[in-house]
């Protein structure tokens, strides 16, 4: 059975290591914060200028001066720091952020990503996505395996305007966990009850299946 | 030499049609509300606005869009309002979208007297069109130029008579960078204090970068995405 | 993930011969006294030291020079000590002199992931030898590269368990820039406090840049030019 | 009679305007701070990272963490701000400092300056001098007109390694005030009792003397 968005986030949370500085994009990536494993301390970066982001505030505690990159009201945790946007992207470019999780419309089997623009539709802009994908060492994409029309989002080449080239390392979708290798998408795990055949059908890019593919574990 | 002016109207008195402006803020957080209101009241036209976002329909730069005062937006993320979309699709408004980190760093470069910097953001994408690409240590970077803005309009939490500024929390965002980048920098502050009341160790923007400062009033500080959790 | 280490010896345990180091401070102001003492004790050799100055005969980097641990200094102003001069003239020590602003900005570029910047400092002088010159808006600039240092050794006033740093007065100087530039950054602090005790609005270097932090001890904080006025 | 160093500083102080941000180099330039005219407020920048530098401390009030670019203990005035060295040279490069005063070994009649290196002698370094002269819009040199051997320091071309090219606007020496123009050194003022002839003798570079040259006034 395909994973829910919450389960995608839960699976990605297993990639977190103690001491990681992590940038979580809008959408499914934001949910990862809810599943940080016991005993693992991570510090969340918000690219508008904050390290040490905490949960949403309690009702009545909202502060207009305290928002995340998604413009949501947030809180801070002990040990947090505020800084300007140049320093924020400075630490991103300098590779100080250990893990970046973001959504995508398309990923190619060379690790290209498209997630900011659909020709013919109103273009809102790339925000910090181009900086993040061009700079981060370790990027995980969280997305549905297919688009609402059922077409694969894991392609031989992106058809939409690119956000970044050869930058994605890992992809967690509703049906699979894949690594981007020089030979294409390497299938690592499959959603419980989802067959390798189904994943093959829904993956247009080169897919590598080596041996038995285990089911995704959440703990 | 007095940097304090009475209000926003006086502070922006010499901003004319066709000016290039920087406006601080991220979303609606930390925007120069008073200066925007004064620009709307003054009715200057054909403005180029360098600002990460373009406000919403009835707040922030959206208010200037309603009055068709903006010729061009240079931003990383826009379109949270219907009027913006209408003007863009009708060709009344020009928009240049650039990566957020590039936007921030081009401001910083201006304030630091660095004419150009290199960034990997946008390499291999349409953002790279027409730009110089250069490889350093095996990685490609784009050459990006410092901004050249006539005025920077910023909002700070506290400021003093010498123009020193301190920002609060994530309302800092682009404000200090733009304050340092403007040829003339106008700062509105929630609290204007006498010289010497701010700790010199905690200044975010030294007064040398700030030309005019005024005590802002009637701050709405609207929240764009009010998000709370259950207790 | 614990960044706190017990002392300077542990903090610098993996600094080996031939390492490239950044050392904060301006003159003797804000230098990492404890880390320098530990380096002297450890006796590592052939070090390249990026530091604005080179200490005096019996303090600061001068202590490392006494033990002939330094192969090369990259500085803007040196030679306040006799041993430095002797080693330089005898060819034991190599010195690369670069403008102070260029030194600072090459540190900043490293911490900000910018591989190269342009600065007018040194155009038309011997500093420009072998460097790329480029004209922007009618003015010539030199292309200068970000530093690539193995370790940054800095001294802060206050620091917390997360590695956040605050510097005091002009002891700030190069310290935050180098803290952001090091592949591994080691911060010694006059006062180490628990997480959450520093105001997040007043942090000079966010902890993400700091890998190890320790409570320094026995600070001498020597004054190089004691200058006073009559009351 | 030739000016004393104090008088050179006093004459330069007349160039200060209300609201100026000023960087004063080591030596004679430092003395300028003692002659700031009544009613003129200037803010002194110290390139190690301070705006709002005050006088030397009273004995016993010295703070090792509070020094100027000459490494002397100093104090701060109300409204001061500390910052790092990158921001310090950032504001210098961005032209935010209105006036820079520094010493020199040689100045050419095109405005080149040499003040950091004597070949064959121990070289200590340029410190911030190259940044300052390459960036400042308005630079005044304070120096003796001749070197200790009596040779002119105002030359057709510098003989020593340069600190910067075509950057000096004005020179105040012990015997003259001169402006650097495309045609050479324009003599503006002479020290009380010093003849134009003496200034001509002691100036090797092109010297322009137009009409009567007034004596330097200090008030």
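In order of appearance the chains are A, B, C and D, and numbering begins at 1 in each one.
The criterion applied here is as follows: a contact is a pair of C-beta atoms (placed from the backbone, for glycine too) under 8 Å apart; a residue touches a chain by one contact, two chains touch by 3 or more.
On a predicted model such as this, the values are computed, not experimentally measured, just so you know.
The chains touching chain A as well as chain D are B, C. Relative to the C-alpha centre of chain D, the farthest chain centre belongs to A. For the pairs A-C and C-D, the larger set of C-beta contacts lies at C-D.
Averaged C-alpha coordinates give centres for chain A and chain C that are 36 Å from one another. In this assembly, the C-alpha centroid of chain A lies 29 Å from the C-alpha centroid of chain B. If you average the CA atoms of chain B and of chain C, the two centres end up 33 Å from each other. Residues of chain C in contact with two or more other chains: 105, 112-114, 119-120, 167-169, 200-201. The set of chain A residues that touch two or more partner chains comprises 76, 82-83, 86, 89-90, 92-93, 135. Contact topology of the protein chains: irregular, matching none of line, ring, star or complete.
Inter-chain contacts, as defined above, occur between A-B, A-C, B-C, B-D, C-D.
Here chain C touches chain B in the complex through residues 105, 112-120, 136-137, 139, 141, 145, 166-169, 200-202, going by the rule given at the top. By the touch criterion stated above, chain C contacts chain D in their complex at residues 26-30, 52, 75-80, 85, 88-89, 97, 99-105, 107-108, 119-127, 157, 167-177, 204, 221-229, 231. The touching residues of chain D, when paired with chain B in their complex, are 18-19, 21, 41, 43, 45, 51-52, 76-83, 86-87, 89-97, 135.
Only residues 46-50, 55-59, 61-68, 70-74, 76, 82-86, 88-90, 92-93, 112, 122-131, 134-135, 161-165 of chain A touch chain B when the two sit together in their complex.
Touching chain A in their complex are the following residues of chain C: 1, 110-114, 160-162, 164, 180, 195-196, 200-201, 203, 206-209.
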